[in-house]
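Pasting a structure below so you can have a look.
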Amino acid sequence: MSKGRVLLAYSGGLDTSCILVWLIEQGYEVLAYMANIGQEEDFEAAKVKALSIGAKKVFIEDLRRAFVEELIYPAIQANAVYENVYLLGTSLARPVIARSQIEIAIREGCDVVSHGCTGKGNDQVRFELAYYALKPNIKVIAPWRMPEFYERFPGRQSLIAYANEKGIPVVHTAAKPWSTDENLYHISYEAGMLEDPAATPSQDMWKLTVAPENAPDTPERIIIAFEKGKPVRIENKNDGTVVTDPLDLFIYLNTLGRRNGIGRVDIVESRFIGLKSRGCYETPGGTILRAAHIDLEGLTLDGQVRHLKDVNISIPYGRLLYNGLYFSPEREFLLHSLEFTQRNVNGEVQLKLYKGSITIEGRKAFGDGAKLYNMEESSMDVQGGLTPTDAGGFIRTHAIRLRKWTPSN
Amino acid sequence: MSKGRVLLAYSGGLDTSCILVWLIEQGYEVLAYMANIGQEEDFEAAKVKALSIGAKKVFIEDLRRAFVEELIYPAIQANAVYENVYLLGTSLARPVIARSQIEIAIREGCDVVSHGCTGKGNDQVRFELAYYALKPNIKVIAPWRMPEFYERFPGRQSLIAYANEKGIPVVHTAAKPWSTDENLYHISYEAGMLEDPAATPSQDMWKLTVAPENAPDTPERIIIAFEKGKPVRIENKNDGTVVTDPLDLFIYLNTLGRRNGIGRVDIVESRFIGLKSRGCYETPGGTILRAAHIDLEGLTLDGQVRHLKDVNISIPYGRLLYNGLYFSPEREFLLHSLEFTQRNVNGEVQLKLYKGSITIEGRKAFGDGAKLYNMEESSMDVQGGLTPTDAGGFIRTHAIRLRKWTPSN
Amino acid sequence: MSKGRVLLAYSGGLDTSCILVWLIEQGYEVLAYMANIGQEEDFEAAKVKALSIGAKKVFIEDLRRAFVEELIYPAIQANAVYENVYLLGTSLARPVIARSQIEIAIREGCDVVSHGCTGKGNDQVRFELAYYALKPNIKVIAPWRMPEFYERFPGRQSLIAYANEKGIPVVHTAAKPWSTDENLYHISYEAGMLEDPAATPSQDMWKLTVAPENAPDTPERIIIAFEKGKPVRIENKNDGTVVTDPLDLFIYLNTLGRRNGIGRVDIVESRFIGLKSRGCYETPGGTILRAAHIDLEGLTLDGQVRHLKDVNISIPYGRLLYNGLYFSPEREFLLHSLEFTQRNVNGEVQLKLYKGSITIEGRKAFGDGAKLYNMEESSMDVQGGLTPTDAGGFIRTHAIRLRKWTPSN
Amino acid sequence: MSKGRVLLAYSGGLDTSCILVWLIEQGYEVLAYMANIGQEEDFEAAKVKALSIGAKKVFIEDLRRAFVEELIYPAIQANAVYENVYLLGTSLARPVIARSQIEIAIREGCDVVSHGCTGKGNDQVRFELAYYALKPNIKVIAPWRMPEFYERFPGRQSLIAYANEKGIPVVHTAAKPWSTDENLYHISYEAGMLEDPAATPSQDMWKLTVAPENAPDTPERIIIAFEKGKPVRIENKNDGTVVTDPLDLFIYLNTLGRRNGIGRVDIVESRFIGLKSRGCYETPGGTILRAAHIDLEGLTLDGQVRHLKDVNISIPYGRLLYNGLYFSPEREFLLHSLEFTQRNVNGEVQLKLYKGSITIEGRKAFGDGAKLYNMEESSMDVQGGLTPTDAGGFIRTHAIRLRKWTPSN
């Protein structure tokens, strides 16, 4: 008799294939779940494989549009970043993947979900916090945290041996000396040779973007238009290409970023569980979009609101995404606040892309967002309605406090 | 009889030359003060000019070392930035200039200081708040805020006419359609044709850096070593150059940044007085240094301390610099807190500079800063003393709260 | 010929009566405006006086309901406080007063408004920032900042002399050795004998509340019910009184607070213009309401949201109120964020009022707000679905980072 | 053969006595550790009991002075509070208890420590994070989180049965329907009948303070003097008592608070592990001290520094204490920053204590702290060196931004 139905987040790789078979061995009925979030993957082959090794059903969900519209664009509105540098590509994908997995689990009567994440990383946290928030009574099997699993499979060789024993097809490619996670927003590299933080990654590691040195010698100029802080139109000034569909627009931005060598970073970051780890990331389209959005906020957001947003939304929003707290009361709260700030972030930004660099070349605001900048008033040449003597009073009033200051040493 | 002695911040240009003569006309004895903060300037010619038009004395102060050591390096430690993009080059120079001006004013018995800033910008605030904080009873003459001055000289032509009348030498160069402010850290461009935020600056505007397109085709690789968050050594891997003196090191970093097209930005920013204005900036060495410092903090700063520092020091420190509040109780407080965070930021960072882009290629920590990263422990392949089952408890405990969440819609 | 029509914020007292006459003397047509925000005042007598000394019209506006519903209750939702102690009574009244004044100015064709605030305080800032925000082209006459006024009237005696000369009725009461500002929310005392921060105010100063020593010997027990963070019902358990109308409810809370000696504070605060000043305040109803609201948030707000709200809304909201920035983009933003946090702050709080102290004696949540607290789960006696071993994993995971800590000394 | 030596945090009560015997039963050699942090306790009787039931040694450490000087006074400097109300009495005691336990464990060669905390509360976290931070390789036995223990002892009756079986003396007092934790700073009540958040605690629960109704009818007036934000002298104006020793001073403040009914609170709080729980607390001396310290900061701290401190130190410091993160890099950082803010917090505060209420009646600053307040300058009657017209410029400059504001609805 079955112990129950498990919906396993399945990748088609060695780990989750072994987990699939192992779960069956433990007495579970296993259904496989694959999310298309824009990674390069042969979904059909994986499906065939899953079925061949015992999965009762396989679900392949195209989540790319939800990923772009619900996760990526709000992160752009927030200028979200983790520890100043990381654009959160993996973190952003997890909520849509987990949500869809839970929806299917409910629909298919699975009271258990499972995944192949290790017990040291952030992803286990991100998946499981989402599972529990969306379906509080869900059961989770995380084999890599179960002694009966990780002690049985202490290394890759033992997994291969198990696969051979169980008739799981093993692709005999040379394993890369790092692990990756790819989606429409980014690809990450970690572990293996990257664990030495001083080791420069080999050039053949980078997959999504060309090296700046190999990018075209001619800059590419584009215009990105935003409505309420979300991109609604991209125009390539070099060749006239125009894209407006939210998903297509982002894919096209990726194309531009990839061929111009944009979006590589290499950092040591603080994982939620308290370890430091080294990661390399390529986020081509997201890097461009974030630069453009920050620029447009300069023109269209009131300075005080911008400051409050930077401190009170951008930073905590980035952290909660990183820590897997997307499905939470605080995310709802922050997103609600964020949206309000974006209602006048309307306009367009001109950018130049060239060999790894992004240069802002001008911007324009539309609607109420245009009211904050007054060319004549800001002019150093024209008086524009301001009485210069007022500034003297402003300064002397601020100085009242400073005149009382006694330096401490 | 003289109304008193004025120490005028003098640049040698049309404005401050006219102010100098005008102040004499008002009955003041005028001494001229020039700060060498690394700008390109013919100080000797300016001195001759000042004396020739009536200055009693001229002081030329080389403040470059104090600028680098006391202002620039702490700003690097703080990762200070204003509104996400601006590296604060002008803001950083003002405190050293104002402090030296006040010191000379005191020494020379001037009870008045004067400057040529306009009544709409940030610099009047920065200079005067510093004056008042350092010498509470100082008197300030800001002619561009005085109706008797600005109504008499409503435009450049009236200044030229006055200069001609008073025998002030006028250099007949075509005025640039923008104004600039240069120092060792950066150059700024604003006003004139830049006042249209959509107008792309002409290529001949940029002065400090080559365009990325004109930078060398071969990347330049360097290593920057830090002690307590301040750079102490730079090594050029391409040619073996090594520089260690704080001032020379920064000048050399500028050389590297300039020739590799690094550090141009173009923004619309929120001035302290509440206006939006558009500025373009080149900060070659500072841009490199900031990227390297942020990277090293990733390896050497505890994650929680880093977060507290980002929110509670970096952001307010950048704002107070921008707003001219360097000589203030809050700056002392923030700097004191900042220094504590930096005591283990020891190590070196490898960077690649190439056509406008900076790529981090690895880093290494020294001393206590090295304790936070443990290669084996972070490894996804090795267990490293951690019990994977603990992470399950961590996750489920965090989920307690999330399981109670009711989405609002 | 008239210089224009001025709408003067008029109190009936010596200062604004002299200002009224002085404005007429300067050639203005003057209309008088009085706001009823709950202060003790003979509005009719003041009206007669204003008309008798030359006002063309007098407007008396009852703003008490708007004050309570639009300003006081959101401040309660925000738990707004300035510098830990001051409940912002004066700050809260200014926006409704200024808004109504501007509305009447527009309706009556006045292009100038005027007030009797001094040039050192916060109120000039609060009134005028509101004026300018609501009607950017308004002209403001602030006589106490105009040399032609303040030099002519250097002290109270010169005002009295002017009043006698101009036939302005002067009430010959002994001037109190402090000045006050009263409204429905509070009364403030400052200046005069209070300027020595060590001087204990005399007992006869306090006007709104009885001294705790003189309050009843029997505690009064009440229940306050909240919906979305705003009070909707108050019940007096001692005598069965029930009040539900928002304005009546607040007036009744004041009655309770006043007779039980609640809400006196005595502080030194930092004015917006940078001076420190000493103020004493009585805020009877507001003090009770704030305590009750904070308590109910403990039960009904998610812990993380509560923390974000405390830091990112409560504190900046209190500061912007104090600084007169109610009519601003940042207030709109903060209020929008605030409202979202309050949607489940539904329930009731039991309180005991006794001789100056407020004691919370229990609380209850209604609706979704009740989901966060689970009696059984929190119980130390019952296991309630939690696996105790999870907490061990939680702790050991948090300890990963701490185990790397090297104390600095 | 012994499994090792355990140092058990022992209270003398039923739980830890059973744990002591149970640990011996498991094969450990057990040493008992008791911390005197000011709680009412018969330490000698407990020592005799521990030895009688098998403890090899018993250590009773008087930590009261370290508790007051190292934990309580810095918390006063920080104005530390959790969720607006809770003064952190239990949190503050844990670090000194844990540190001493670890010191003894090291000295006595114990490689294991143990405690009797439950698996749902905060104290397990606080103790163990301290243990791991101070001695990373320590082993911790938390019986109430071990199934072999908590399943064997599902309730109080099973513990009593075990005690009887093992000859552990059981005091047959009626168990109170709540649990308490007491120390020099406070006493806490939770669980049992308090688990219903609407239930008013019975009057006989409160132990440390008299009810306000039973406090003396005559107010007690005191003066507290501070140096660098720490109390150095207390003077009772009623009877002339003066206390200056740090520990004695705090004990005397407790006496004053206790007899005047000061310091009771009743809240629902957010535990670190994500549960809400209800707690009642009495913190007599701490409540007085915090009010006095906040008041003195009003006079002696620059307004901007005070604001930065409130947001960036007080709030995170309170949270880290609550969450058991005292021995951490972030606490070192915050404490270092805190101390700098306190260097001019010198002066004295006059207070009135009466039936549960604290009234500030004046204050005075000493040394540099006195420079910020200038009686003449703040005066509304005197001009004091300020030019009133400056305030107009200040206001109109602030209004530049507001005049561009378009309300959103």
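In this document, chain identifiers A, B, C and D correspond to the written order of the chains, with residue numbering beginning at 1 in each.
Everything that follows uses one rule, which is that a contact is a pair of C-beta atoms (placed from the backbone, for glycine too) under 8 Å apart; a residue touches a chain by one contact, two chains touch by 3 or more.
Keep in mind that this is a model prediction, so the values were computed, not measured.
Trainee: Along the shortest chain of touching chains, how many steps lie between subunit A and subunit C?
Mentor: 1
Trainee: If I rank C-D and B-D by number of C-beta contact pairs, which comes first?
Mentor: Between C-D and B-D, the larger count of C-beta pairs in contact belongs to C-D.
Trainee: Please state whether the interface between subunit A and subunit D is built from the same residues or different ones, using more than half shared residue numbers as the mark of same.
Mentor: same
Trainee: Can you compute the centre-to-centre distance for subunit C and subunit D, using the mean CA position of each chain? Integer Å is fine.
Mentor: 32
Trainee: For subunit A versus subunit D, what separation do you get between their C-alpha means, in angstrom?
Mentor: Taking the mean C-alpha position of each chain, the two centres sit 41 Å apart.
Trainee: If you average the Cα atoms of subunit B and of subunit D to get two centres, how far apart are those centres in Å?
Mentor: It comes to 44 Å between the two C-alpha centres.
Trainee: Touching at least two other chains at once: which residues of subunit A meet that condition?
Mentor: Expected reply: 273-275, 302-304, 311, 325, 328-329, 332, 340, 372, 374, 386, 389-392, 394, 396-402, 405, 408.
Trainee: Enumerate the contact residues on subunit A facing subunit D in the complex.
Mentor: 302-304, 340, 343, 368, 371-372, 374, 386-387, 389-394, 396-398, 400-401, 404-406, 408
Trainee: Could you pull out which subunit C residues touch subunit A in their complex?
Mentor: 273-275, 302, 304-305, 308-309, 311-312, 316, 325, 328-330, 332-334, 336-337, 340-341, 397-402
Trainee: Which positions of subunit C touch subunit D when the two form their complex?
Mentor: These residues of subunit C touch subunit D: 79, 83-85, 118-121, 124-125, 128-129, 132-133, 136, 142, 144-147, 150, 155, 179, 190-192, 195-201, 212-213, 217, 219, 261, 264-270, 273-278, 294-295, 298-299, 302-303, 306-307, 310-311, 315, 319, 325, 327-329, 332, 350, 354-357, 359-365, 372-375, 377-381, 383, 386, 388-392, 394-396, 398-399, 401-403, 405, 407-408.
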